[in-house]
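The letters A, B, C, D and E name the chains in turn, as written, and every chain counts its residues from 1.
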């Protein structure tokens, strides 16, 4: 029952706020942000509480049977396929559920303050609740189609929230881009399901792991699943939507595009880890792609001037770290990083939101500076987040990131290349985060004087979540990954963990130092640089390409073939009619002549065919 | 020695029939066309009599009588039509009556 | 299986509806049409409830009704009707679509309203007859009879290019159906040769074709296929569709995309596959390819459409491609999924056209090239529209998802390549449907039109109830598709 | 060469040449007189075959009635001046027509030639006809016994022809008719 | 002869009626009404007496040259009914055109007499004479608009071609006579049953006869006269030709085809030849009819091409019946249905009042929906029926024809026919589109429904729809009629 309630509460919140919004807006009234936000936040808080009790219940169980399953109803049944609508709460789900509901509650709370001026506040909260509902479906679903339901559902919520300010078409288009790129990934998911059903005969998450599959199938299945993850979790090649997704409200970025939704790829891989880990090809693909993404995104982040975009690329990069972890078989480490990342990245986003809020929407970091005095709480909490993402001990990021770097080296599947990618990315992370940190909070105020004076600390509803998250960023890593996923875990290795720990801290410090060196004084305005031009290439390939294909289909196939065939056949009939009509000259004698010719033809035929007749 | 045989009449009748047909096709004067139709009928009449002779029966003769009657009636109507046409168009040229076409 | 006379009322009721339309005053035609079709809908649902809501396929079988009325016994014609779980759905949908179409306000209730209402009821009659009939000739008659009101509907109340488009529609459909007719005759004749009985009963003919060489049956198969491929339509037989969809009055469009296309679907399911199982299997390769091409090609065309109706028209082709894919998987599961999807498609396309009409009533010039930003003006309408769009892009949790998912799932073992190709259609579907919604609802700050005669209110209560009814079926079906999956 | 064959040759030559003249003569009157010639020749051929009644009627009906009618109409319509209308048609048309007719003629003659040596189905030899009262008597009997339906039908044909001719040749059309 | 008076009753009535009508019109020269009424009464009496004799078994009268059978009674009844329909339906047209002469009714009655004599003749000479009895009034009626050169022209063309073809028929008769020594169909059939060596002359004669009737039914390539004649003739006359003349010619054609015993093995090769000839003609008629019909703008010409394509369908039925006489009902049903819809169309057509004297053009139908919904409905019913849509008699007519020719292995031809149906369906839908979808053209004709013509049209439409829904009686009756032997 509790599992169900966990997902039902956000759904309830969604309905209440949604209907409220509709009624209010058709009557032209405004909804009180506080009331609406309270409903939404309470729904999430209730959900979180329930998740906690479930978690505790789970802890009380013996390790091998830690599973609370609730079947709501039979969803689809056709032939050999039987899909139940069931919710499974186990260790992996627990982590994600707690993160979603916990961080979610905080962000809901934060939104009450952040979005207080928003006209359609009830709509906003209903979307947020809807997102949480779908996300919980994703992590609690017991079957692949159920996961897919959540998978698409969060995509939808993401679409809605990115395009929340829909009067600006770019926002809408950013949402569309996210939705469609996710859908491209989803195709992988779908086909993976088809393959899974064809060869394993089931779509149940537990059963499919038990199924005996040929290595070939496993590889294809794993690659397709990973392809789906690249969409949802913004990995190469489908990562370009995430920076654009920053068009949405900042709390949304914090919740969806940093803490929860984008990590569902990790969830899926972790969930299916026996199958994923069964194929070396899949694992190394994941690791390489993850590493490359971490590196590329980090490089791009160094050249961004938009506060949120830096954080967005940072998210992509961090997600790359998580995939690296999965790719070397250390799924539990990846999940651990999901958790810590959720804390500190949400924190960073919320703090950034606080900055943006204070500056009335200013997002260019070269228009900021010197805000540490103006926004002390934001500054402190941001510092915590900064430290965490850099991996400075004892912040949470240190533990998870360090472990990832360690695993890339010592795991079965790890190797030096991946390790190198991880190290360089970590250094770059330190560089761009420090750059950001310095540009925002230190130096001179580079914005209008008036704006600077107007800047003020956020209200408590925004401050409190910041504080909580800052705490979590600090302590979140101390418990280690609360899950045990022992596939591909490191064995005893001659490389000491402490050495790696030392190396990673040094690397982070180096990166930070470099940034400090460059940006502590020199605040020359840098334009955003599209380093790799990937977005542009995609724009040409997908956007223009699709348009070209579509107009090509319309022009060359539809117009020149399909319609032309119809026209030509009509014209041919018409032409034959007109040609036959030529004989209709109007002269009786000509008609008679033609009759004679026909008669002669018939008789000739008669004689030819009748050569055997008679006696001649 | 060759004697007169009905098939010779048949050959003549066929020739006359075809000449009549050719006349209908080629002549433009409606009156001559009507005459050629009569020629065709005559040709057939001859063949009837010839066949009658061949079969040693008289049915063919009877038929010829009826055909003659029909021919008379038909040519009367035909001439009536030609007269009606002539009243309107002042012509008996078949080339002048090609308004209805297509 | 029971034999009863209860089926004929499904045919007589709409005919009575036609007659009453001429008694009713012109002013109340819409009201009459709505109440009439709602009443028929209620009775139809009541009559078919055993089949619709049966817990299991086996239980549903006990509700199958057969009825055979002698019609022209001299030549073996009979009015053979069969209500099973397939036809039950289509019959219900038929009346539902009629209700939706009747609910639209427009020129058809001002110009010759009685004619419109009676054409509508006649359509219900003819379609019911087509869906229920198990006699090929009767089916053909009903199938053709559908044209008659359709031609007039487009002709009388349609838009600019109506004459050319309706003629093209008629000629192409007629071409297909007459080829089918020749095939029917051919089969009937062959069966007569073999058994000495003139019968166009599907059961008799199935018995007969089962004994025949599948290669020999190739031509009749093609005849049937041509008819239904044009009707559905499958690419490249779709040349008639766009023009007539866009030029038809909205109720006509709803009828055509919602339920007329299902004639092709039921034809494939009821006649083509049972009659020519081996022949179809021989041709499966290109059949599946054709379905996949339809999906992707129509989606590509939809992307480029800047007219809402033609976009929806192409999307209709694309979605019906999935239905065809399921049918051509030639597996009973695939076919069941195709039925599920066609139920979904009917509901969604009826809903989309219905709502699009509502939008059109509020803003005359709807060009999808630029955003209109109407959503804030009519929030409820646009929320409904958005949900329908989501159902159309087959988001999980809607009926269409169940359909498309199960269709693809069952098509995958048949042809992985075609399934993947069809999967691309899912992506493209999102592209054009989002475009459709966004350009209508989002973007620029729109102002309410001030000119008189234009509706400026949000969606009306009655319309909303109707929309909610359809949406709830879609969502309920998305969560409980089992109800629709009782096999064929 | 016996008398029959000789007479046949003469009459048939006259008939064929006369018919050719019908279609070659420019003046309708000339054509009409050629036609009369043909009819006479035909009468001779009929007589050669013992069809005396037919021969007589040929003269009476064709020459006496029909041709008079033709000449009358020609005069009525003042169409007696020669017109070389054969020149008007295109050479192609003429060529194709002549070829077609020649082909037809060949085929027809080919067909009738197979009638040589045909087994008679009847028994009415010339002698027998004479013994039974002669050609005329037998034919007249036939008209009023076996062929009485032909006869009656022919009467309606004539009636129709009369009404037709009246209707067509009426000078004044009833304009407007009775607007009853 | 007297002992057959009972079965000859309709004939007696008809011939007597012709004479009475003549007398009446001579007595009352000033007005045409008496002739009209007398003609209607004559036809009505004929119709009733025919209906009373429908169940009388077949017998031959007049020493075997006339066969009276249920079929001939049915056809005479049909012709009488059509005659009444056209007298009533064409009344308005005749008044308008100034053609309201008593001669019209005489000629019409004689035409009907000739047509029905044609259908019951069992002798080739009688066939020839009745053909002429039918044709002469037809020529005259075609030229009945004496002051209209188009009408004259049509009549002359019809006459020239008809006369030449009459001679061709006679030549065929002569050949048959030459081959068998008789012109009686029964004798000829008996002759054909015993193998003979001199088949060339017989076959040639048979073919000539067939060609002559192919001309009369306007099968391509002998169809050229039809569009011209249809266009030039007064509208009700065109209607008579499309119904009475066509039906009589077709029935006779079928009868004459079957004077050869195709089941006799010695005729096997000849049967193939005939089959090929008919097959080609059917195909050509279908193609010509449906291809040219879509290029037509004149309604009457359109119907002429339509009737050419219908000839194609009918020939399909003939083909299906070749060698199996019992299958002929497909042709009969087709003729019956075709007659019904054609009568209706011509009744409607006589309601037009074109503004130009070029006859009724398609453009005259534009916007009819706005002007007269009832007429639009009637037109639509007839055109749908022409196209073979369901719930009209047109569907069943096609059904039987297609079935019977599929039954004789003519499937490719049936596919061709199906394709041609589609093409001509386009031509039939076009006027509907004009009526419904276009606004009236300023030059479009006025349409005034006369009382009688409207009644005729409605009755025909009701018949078309009723037989399209409930064809049982028609099928049952026409199935029971043996046409041959």
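One rule holds in what follows: a residue touches a chain if its C-beta (ideal position, glycine included) is under 8 Å from a C-beta of that chain, and two chains touch if they have at least 3 such contacts.
Here the structure is a predicted model, which is why all the values come from computation and not from measurement.
J.: Fewest touch steps from chain B to chain C?
T.: The fewest steps needed to get from chain B to chain C is 2.
J.: Apart from chain B, how do the chains cluster through contacts, with nothing moved?
T.: The remaining chains, counted without chain B, form one piece that is still joined by touching.
J.: With centres defined by CA atoms only, which chain is the most remote from chain E?
T.: Most remote chain from chain E, centroid-wise, comes out as A.
J.: By C-alpha centroid distance to the whole-protein centroid, which chain wins?
T.: The most central chain here turns out to be C.
J.: Counting C-beta pairs in contact, which two chains come out on top?
T.: Ranked by C-beta contact count, first place goes to B-D.
J.: Specify the chain most distant from chain D by Cα centroid.
T.: Of all the other chains, the one whose centre lies farthest from chain D is A.
J.: For chain B and chain E, let me know how many angstrom lie between their CA-based centres, rounded off.
T.: 26
J.: Taking each chain's centre as its mean C-alpha position, how far apart are chain A and chain C in Å?
T.: A distance of 36 Å separates the two centres.
J.: Between chain A and chain E, what's the gap in Å when you average each chain's C-alpha atoms?
T.: 76
J.: Among the residues of chain A, which are close enough to touch at least two other chains?
T.: Touching at least two other chains: 581, 584, 586, 588-590, 592-593, 596, 599, 603, 607, 614-616.
J.: Which chain E residues reach two or more other chains?
T.: 125, 129, 132, 136, 139-140, 143, 146-147, 156-157, 160, 164, 171, 175, 178, 181-182, 198, 200-201, 204, 227-228, 295
J.: Give me the residue numbers in chain D that touch at least two other chains, ranges are fine.
T.: 97, 101, 104, 107-108, 110, 112-115, 118, 120-122, 147, 150, 154, 157, 160-161, 164, 167-168
J.: Report the complete set of touching chain pairs.
T.: Pairwise, the chains that meet the contact rule are A-B, A-C, A-D, A-E, B-D, B-E, C-E, D-E.
J.: Give the list of chain E residues in touch with chain C in this complex.
T.: Residues of chain E touching chain C: 369, 373, 380, 384, 387, 389-391, 395, 399-400, 402-403, 406-407, 411, 414-415, 418-419, 421-422, 425-426, 429-430, 432-434, 436-438, 470-472, 475-476, 479.
J.: Tell me, which parts of chain E touch chain A in their complex?
T.: Going through chain E, the ones touching chain A are 156-157, 160-161, 164-165, 168, 197-201, 203-204, 207-208, 211, 215, 221-222, 224-225, 227-228, 269-270, 272-273, 276-277, 287-288, 291-295, 423.
J.: Can you tell me which positions in chain D touch chain A when the two form their complex?
T.: Residues 93, 96-97, 100-101, 103-104, 107, 110, 113-114.
J.: Quick one: in the complex, what on chain D touches chain B?
T.: Residue positions touching the partner: 1-2, 4-5, 7-8, 12, 15-16, 19-20, 22-23, 28, 31-32, 35, 38-39, 42, 45-46, 48-51, 53-54, 57-58, 61-62, 65-66, 69-70, 73-74, 76-77, 79, 83, 85-86, 88-89, 94, 97-98, 101-102, 104-105, 108-109, 112-113, 115-116, 118, 120-125, 129, 135, 138-139, 142-143, 147, 150, 154, 157-158, 160-161, 164-165, 167-169.
J.: Touching residues of chain E toward chain B in the complex: what are they?
T.: 125, 128-129, 132, 136, 139-140, 143, 146-150, 152-157, 159-160, 163-164, 166-167, 170-171, 173-175, 177-178, 181-183, 227-228, 231-232, 295-296, 301
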